[in-house]
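Below you'll find the structures, each written out as structure tokens.
Look at the two complexes coming up: chain A is in both, with chain B in one and chain C in the other.
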Partner chain A sequence: MIKEKYYISDFCSIRDKKIFKNGDQLHIDLESDNLKDFAKGVYKFLELKYPKFHKMDELCKLGFLASEVLLKDREKVDRDTALVLSNRSSSLDTDRKHQISIQDREDFYPSPAVFVYTLPNIIMGEISIKNNLKSENAFFVTENFDTDFMSNYSKILMNTGKASNVICGWVDLDNDKYDVFLAFLSKKGEKELTKEELNNLYNQ
Partner chain B sequence: MKKVYLIADNIISPLGFSTEENIENLRLNKTGIKKVDDDDIWSKPFFGAVIDNDKLSVAWNTISNDSVYTKLEKMMLLSVSKLLTENPSLDITKCGVIISTTKGNINSLRGDSDEKAYLASISKTVQRYFKLDHTPVILSNACISGGLALAVGKRMIQSELFEDVVVIGGDLLSEFTLSGFFSFQAVSTAPCKPFCKNRTGISLGEAAASAWLSSNKKNVTEEAISITGDASANDANHISGPSRTGEGLFISITKALKEAGIESNQIDYITAHGTATPYNDEMEAIAFNRAGMKSVPINSLKGYYGHTLGASALIESIIARHCLINNELFASLGFEELGVSEPINVIDKNHKKELKRVLKTASGFGGCNVALIIEKEVS
Partner chain C sequence: MAELREELKEKLIEQLSLEDVEVSEIGDDDPLFGDGLGLDSIDALELIVLLEKDYGIKLKDPKEGKAIFESIGVMADYISKHRTK
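Right after this comes the complex of A and B.
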């Protein structure tokens, strides 16, 4: 059994056109009327200069932006920081776009630029590239954010030395409805990592 | 750390509906890849490894009369049912269950209701069918899913979340995936030829498999085979192209060896990813050379099964277990002449060899890589 204590050092969420970090509202955008514009607005708000962002699908944009918010005030991120993400809808948002492109045999136009995003773990690839994280990745699909399993699995990675820290969370997008929550887990912090605490912060 | 044993397994593939039948066909160097003429998958004939629907129906009817299940669900449920029948002491209701799949019931996107396209629907189906106490967790991590699921299972057992874990893997050869790989111009016009100079891309396949992991040695009935090391690392380089230096794979291998407490020269056999795309095979050859493994016998089983995505690394690990038990190696089907820039020792003929340790690797989109050390206990 894991006896060592781990902590939720930082956490953030993107929901209903608002961004929160450690419980404080960081950004609100009530003007944008679609996710693409909202994501662009957050990109500008964070003053990012990262052309790869514009090639990402909407799910990756959400996960990527949340990781930028989460890691914003850190000078550098240890390259053994693992990524353990989950959601309900996998990559269905982009799967549907690929499906539309192959639905009609007479009008058949599958694109590699779309197809590559038909896997949910691509989000972690994008975050790894940006932060040079050559670390453990795992993407789980569950009906709801399973804080019991996710906190256990994150602890296992740190406890077995497979990761120094873990970015753990929920990045879901389905038919324009999105829900994003990330937590930075490490040996430092004030909020002890338990499934209850993770659940509380997710539901804030 | 607790030892985690690979106790038993099953494979449902075009090469058979039991592990034994699969092994028999590997011994005969038979491939499941053939010219497929099925308008439901593709408008023109193509090379792939598909499970015959009639054969699956016959096998399915031996366990159930219920036809509400999709092809993939039938493959997975059949695989686990066979595993349970052959291992009466396995009580799956108390086990941790991990399901590895990349696209699940993706064909459901073509119909009126896409409810089954949600991957968690498979989790519910499996839980209901086997009346499980715990909801299975789905791992969807591109082409390393099956190997990573074994690693996750091992870690869960070692952290005492469960004493036993069942890993289930499966994916279909779908129009969805095939069209995507065609758009990348990555599909071979003949059965795929991993590591070969004449390789022209992948062949896709479909399969399901299941494996029982346990820390309880009493469950071991054949030779004791355990997973002694595992690691995964991202390339942090490109989302669809493998790293030119094999960085993530090299890190994965190094860390897995370290956990197993062995050096690279103690590996007797590598069962590689070997998709037969030009860049993937090249990247693997570079990583194996960096790890000091250029002379270790190596094969890819993609020439037998095609690339079965979420099932592939699980099936290849299961075959590795049986290679260890039987002390045998299978030819890397499709290989004629080395077609990578760094030397590797591709197995060209089936042969007997005393084996103690196997390295299993996989790499996938998103820059992900995994390495497992599978080891035989010598009494």
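Right after this comes the complex of A and C.
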């Protein structure tokens, strides 16, 4: 039985070369020709100093940048803040790059730096390392952002004391087409955590 | 040898995505790991692939890399002695 009320404290999205936080446009970059350049531009915009960012694959970069936007104004993030993410395309974008590097037996040079990103849950590892999180995390591959499942799963984590907060969302990338939405869920906020509210904010 | 060292610095920046690093900032004797360029274990594996792909050097034991990848200078010296392409 889920009794405690939880809230969507903050939320952000990255779509169509634009970044929104809590409904307000934070950044727009119509100049970049591809996702790599767009991500680099956002990195500069956020004034990040994190060389490891440049080694990430594009999916990780998107999740990482969204987490930086989401957590931007917080003095600290509780170490037991759980991460519950999902997407449709898993790590397909990087899987293809890896496949290309191993399909020719005469030119067989798989890149370790590419291979390590052939799992979508690496995004959560990168976010955890940056924010020093020691917490529960789960990554689900679903056809669409399942707000019913994701809000329930997050509530259970908080209700059972597994996490004091949850960063939940959708980080999808396939062939330069991306859709990113993250929400910070906690006991504080104005928007109550319901599947409908999460769905509304995702579709804003 | 100087040419090979410059070539290696460029390859390192490109292959290891060291976007914030310029060729001129990498000294020939700077340590590549630890306090130097701060490369990690995945970078070490990437360097092993680079040795084989670009210079035809296949390390029998990956642990050999620890000594070979000490600095650009040491790496260039090793490559010039063992390269097959």
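Points worth noting:
Definition applied: the second predicted complex is superposed on the first by the 204 of 204 C-alpha atoms of A that agree within 3 Å, B and C clash if a C-alpha of one lies under 4 Å from a C-alpha of the other, contacts with A are read in each partner's own complex, and residues count from 1 in each chain.
The rule is short, and it goes like this: a contact is a pair of C-beta atoms (placed from the backbone, for glycine too) under 8 Å apart; a residue touches a chain by one contact, two chains touch by 3 or more.
Please read these numbers as outputs of a predicted model, since none were measured by experiment.
On the superposed chain A, the two partners chain B and chain C both fit, without a clash. By the touch criterion stated above, A:Ser90 is placed in contact with chain B alone, chain C being left untouched.
In the superposed pair of complexes, A:Val69 makes contact with neither chain B nor chain C.
Touch criterion not met for A:Ile167: it reaches neither chain B nor chain C. By the touch criterion defined above, A:Val77 lies against neither chain B nor chain C after alignment on the C-alpha atoms of chain A. Once the two complexes are laid over each other on the shared chain, residue contacts for A:Arg105 go to chain B alone; chain C is not touched.
In the superposed model, chain B and chain C sit 80 degrees apart as seen from the Cα centre of chain A, a figure rounded to the nearest 10. By the touch criterion defined above, A:His54 lies against chain C but remains apart from chain B after alignment on the C-alpha atoms of chain A.
By the touch criterion stated above, A:Val116 is placed in contact with chain B and with chain C alike.
Fitting both structures onto chain A leaves chain B and chain C with a minimum C-alpha separation of 6 Å. Under the contact criterion defined above, the residues of chain A that touch both chain B in one complex and chain C in the other are 110-112, 116. Of all residues in chain A, only 1-2, 83, 88-90, 92, 95-96, 98-99, 101-103, 105, 108, 110-112, 115-116, 118-122, 124-126, 128-129, 131-143, 146, 149, 152-153, 155-157, 159-160, 162 touch chain B in the complex they form.
Those residues of chain B that touch chain A in the shared complex are 1, 43, 102-104, 106, 109-110, 114, 117-120, 123-124, 135, 137-142, 148, 152, 155-156, 158-161, 175-176, 179-184, 231-240, 247-248, 251, 255, 364-368. Put simply, chain C touches chain A in their complex at residues 15-20, 38, 42-43, 45-46, 49, 52-53.
Note for the complex: chain A touches chain C at residues 40, 51, 54-55, 109-113, 116.
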